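Next come two complexes, and both contain subunit A; in the first it sits with subunit B, in the second with subunit C.
Moving on, here comes the complex of A and B:
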């Protein structure tokens, strides 16, 4: 059986084209999953020094370390608070905006849509610095509110564009039919339009939540170490090179909510839903 | 006919869009239990009138009354009308049962009554037992049946149909027409139907309103519209029509009202262009001056005629413009 693992045998068995494809795929997998595998390994390594392939000692030492550090546990809690508040507030603000873009024709509609792109077009750090000046004046530095606002700046584009395209895909006749059978405008929105636009809104919510979970730059600057989310806490850990394992544990902790959300919303996530959001009409 | 009850009255109604299109000074009475069709090419304003009745468009001026009550300014949900659109009537995230029950639930109808009604109306539109299906699992024709059932369940004073069959293929369209007519007879409901398909209008309606460019060209029974077209547009829009010029006037005559005889000496002399067998009858076209005239002839005569033969045409029933 091990004879087949001989590359020469393999080459002649599958042919040149297949063999090259296999090599490419292997490289690809190594490139994508190698770092993740390494991270997984590190997270469960009690002791590890660089040149070795496998850790000298396996175990959960760093997991218990992370969970015993109050500052690290609190960063996890803070991350979730900020992400949930950011998602909720941007839904409340952006979904009506998305609906108006989808349904009403008014002057400056395109400019309004493009303005969300602008915040993503400029260097973030420049924007954050100038925002910080304003935040100092209004006492928002080092507060949850300030951090949530920073996170929303990043998520607004997704939160407006994706739901807008979802609303646009709801046909006007479907809303009119609901009015016709006796539903008022508000009921029509909540019973007909919103449920039908849900896939697009779900994807946008996912992006907002995940984006907020991993935002570090702005949080570091505006949070001023008072609001310390997981990515911010990781800066400190990475700078302290003696404990790469803590970083690995953190990375896995950060992956869990993302993976969970993607799994729950897998039905809605597809190239169509995402590309559909970026049409300018 | 004068003692019949007026269901809908449109009084000097005007609806102008910002770009100047629209309908002006529309007056129409529709009687209880009638099917009235607005017929005209697209953009003639027929859907505009229907949408002002349904409440989806505001009127610029004038009044619309149903059973003597003005409905101007009421939102669609308050009006005693029910509308079926060309397509996208159903809500894809709800089952057929939920689609049908939606309006009744809003009216706080007891659940047992809703269940009975859903069953009854699904039977009426010949779609029994599809309560648990989703609209996406039904064909276009079936979806329109459900939409009609949903509208009928609300027992509207007036059923508005906006080209409901135009997205369906020809065979199903014909079947739907027959069923709609039967349902209308059974329930005695008043129906306003909008279409650009003259055959559909002729076969369904008690009365037809022929429209062109925002105006009523003629209102009458299908027979009146067909036999005595009021304008040249109506004459050319409905059915096949030949237009013969004589002494500065235009004579409009249907192909079936022309008598064809061999040789010359009739009212109009012409030369045979084509002879085409279309099953139980034959279509012959003949050249008269610059005009091409279409006639229906029988098999016997068609076998004697060939291209280039001289024929003479005698005009029967006709209209002069």
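Moving on, here comes the complex of A and C:
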């Protein structure tokens, strides 16, 4: 086995093509996963002084530190509140719009559809500062409502386009068959159309939730330190903190929701679903 | 009530709430910001000073050029690497290709801030690479922190998987049969690439490039945590104008400037997308 660790032996054992593939894999993992793995290691390093590559002492010291800080714990709670409200509101608003765009033919449909692109056509921070000027006027700065609005406009494109293409791919004949045997339009929608479009809707919902969990700059601007979600707290940690481990622990806490959601919805997430949101198909 | 009218009412009723929210929270603030960018901050009279400030002040002009440099470098490197990666994933069928095909989906779900922080723990002066260097007796100073190259590297981390994903989706749509057909009649691998694969996938390349470019012009988190203080990326410059100097008219003007930089590529994106929108007709 250890013979394989000699690159030259390895090269001759597997052949040139395989060898290059292994090199590619190694470079890929080092660049894309190396930083994350290093951070994972740091999160469990009680003691990590300068020249050593591996921590001198392992343990959960910094985890208990993070959970003993009230401001950090409250930021976790606030993040979840904002994310859940954002997801619920944008589902209620966007899924009917998606259905309308996918299933009805009427004047101005294209304009409606393109209007949801608007948030992506203008620089995000430019939109945030423009909204903030209005928020100052209506007293929405530093409120949950303001932060939810900021998070929602981020997700509207996904929340309309992905479900719209999902509704679109449900065959009309199936709906007609349900209507033929006597189901009303509402019942047809909930029993036939919605379940079949569920994968697309699920992915869009996932994006909205995760997008809200990790939205940072808008919350930093509009939250004005009164609404402090996890990413906003993380800015503070990265810029001020003396111990590198605090940031590592907190970053891992921030990744957990994503990891969990991806695991739960892995059935629905494929390359197509992920890139699908960026095309108007 | 005629059936047609009823259908139309339902269709508009479903789409309008979401549309109005977008108009109110995105379009209206943008319009106001554009107006504001032409107004004097004290008198409210029409002026171009807010714009000329960013093109005459040397520090501000440097910020613009710096942002363009970082974005264009990111686009160039990310697209080339992503295209090669996508070709590999499309045409090589091996265990390693399959592994990479799964692993490259993950970075998209890692919150931006966590990824940036993880990279910082590697490249900063007391980071992992420096420590590994010390083991071998070299004091490696990468100098990537607070430098354009560090930001470009971070942008690549975000954008290579994303661009590869979009391009792979395009390459996946090319049937094996037409490539085999061309090979059967004697086309060389190079010929197949230049006359079939490249033209068939160029649209996805353009879309990916515009998205990469646009997402980096207004980027905030990466420069906020990794960038130097001068020159600054435009996202940071905008944040400072708004939050630090409370110069709302100037920040509105800078938003518009960023929008104009993006709109060149946004135009390309919309044009490329609309061309193949068969079902919308």
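For this structure, a couple of remarks:
The definition used in the following text is that the second predicted complex is superposed on the first by the 267 of 281 C-alpha atoms of A that agree within 3 Å, B and C clash if a C-alpha of one lies under 4 Å from a C-alpha of the other, contacts with A are read in each partner's own complex, and residues count from 1 in each chain.
Following the convention adopted for this analysis, a residue touches a chain if its C-beta (ideal position, glycine included) is under 8 Å from a C-beta of that chain, and two chains touch if they have at least 3 such contacts.
Model, not experiment: these values are computed from the prediction.
For the composite obtained by superposing both complexes on subunit A, the positions of subunit B and subunit C are free of clash and fit together. Of the two partner chains placed by superposition, A:209 touches none, neither subunit B nor subunit C.
In the superposed model, A:93 makes contact with subunit C only, not with subunit B.
With chain A used for the fit, subunit A forms the apex of an angle whose arms reach the C-alpha centres of subunit B and subunit C; rounded to a multiple of 10, it measures 90°. Touch criterion met: A:174 reaches subunit B, while subunit C stays clear of it.
Contacts of A:106 after superposition on the shared chain: subunit C is touched, whereas subunit B is not.
Of the two partner chains placed by superposition, only subunit B is touched by A:192; subunit C is not.
In the superposition on chain A, A:44 makes contact with neither subunit B nor subunit C. Taking subunit A as the reference chain, the count of touched residues is higher for C when subunit B and subunit C are set side by side. The least CA distance from subunit B to subunit C in the superposed model is 7 Å.
Contacts from subunit A toward subunit C in the complex involve residues 18, 21-22, 24-25, 28-29, 31-36, 38-39, 42, 50-53, 93-94, 96-97, 99-101, 103-104, 106, 109-110, 112-127, 129-134, 149, 152-153, 156, 160, 168, 210, 213-214, 216-217, 221, 231, 234-235, 238-239, 244, 247-248, 251-252, 254-255, 258-259, 262, 269, 271-272, 274-275, 278-281. Only residues 54-56, 75-77, 81-83, 85-93, 102-103, 106-107, 147, 150-151, 154 of subunit B touch subunit A when the two sit together in their complex. For subunit C in complex with subunit A, the touching residues are 7-8, 10-12, 14-15, 17-19, 21-23, 25-30, 32-33, 36, 88, 92, 94, 96-97, 99-101, 103-122, 126, 128, 131-132, 134-135, 157, 161, 165-166, 168-169, 172, 207, 211, 214, 217-218, 220-221, 224-225, 235, 238-239, 242-243, 248, 251-252, 254-256, 258-259, 262-263, 266, 270, 273-274, 276-277, 279-280.
By the touch criterion stated above, subunit A contacts subunit B in their complex at residues 171, 173-174, 176-185, 187, 191-192, 195-196, 198.
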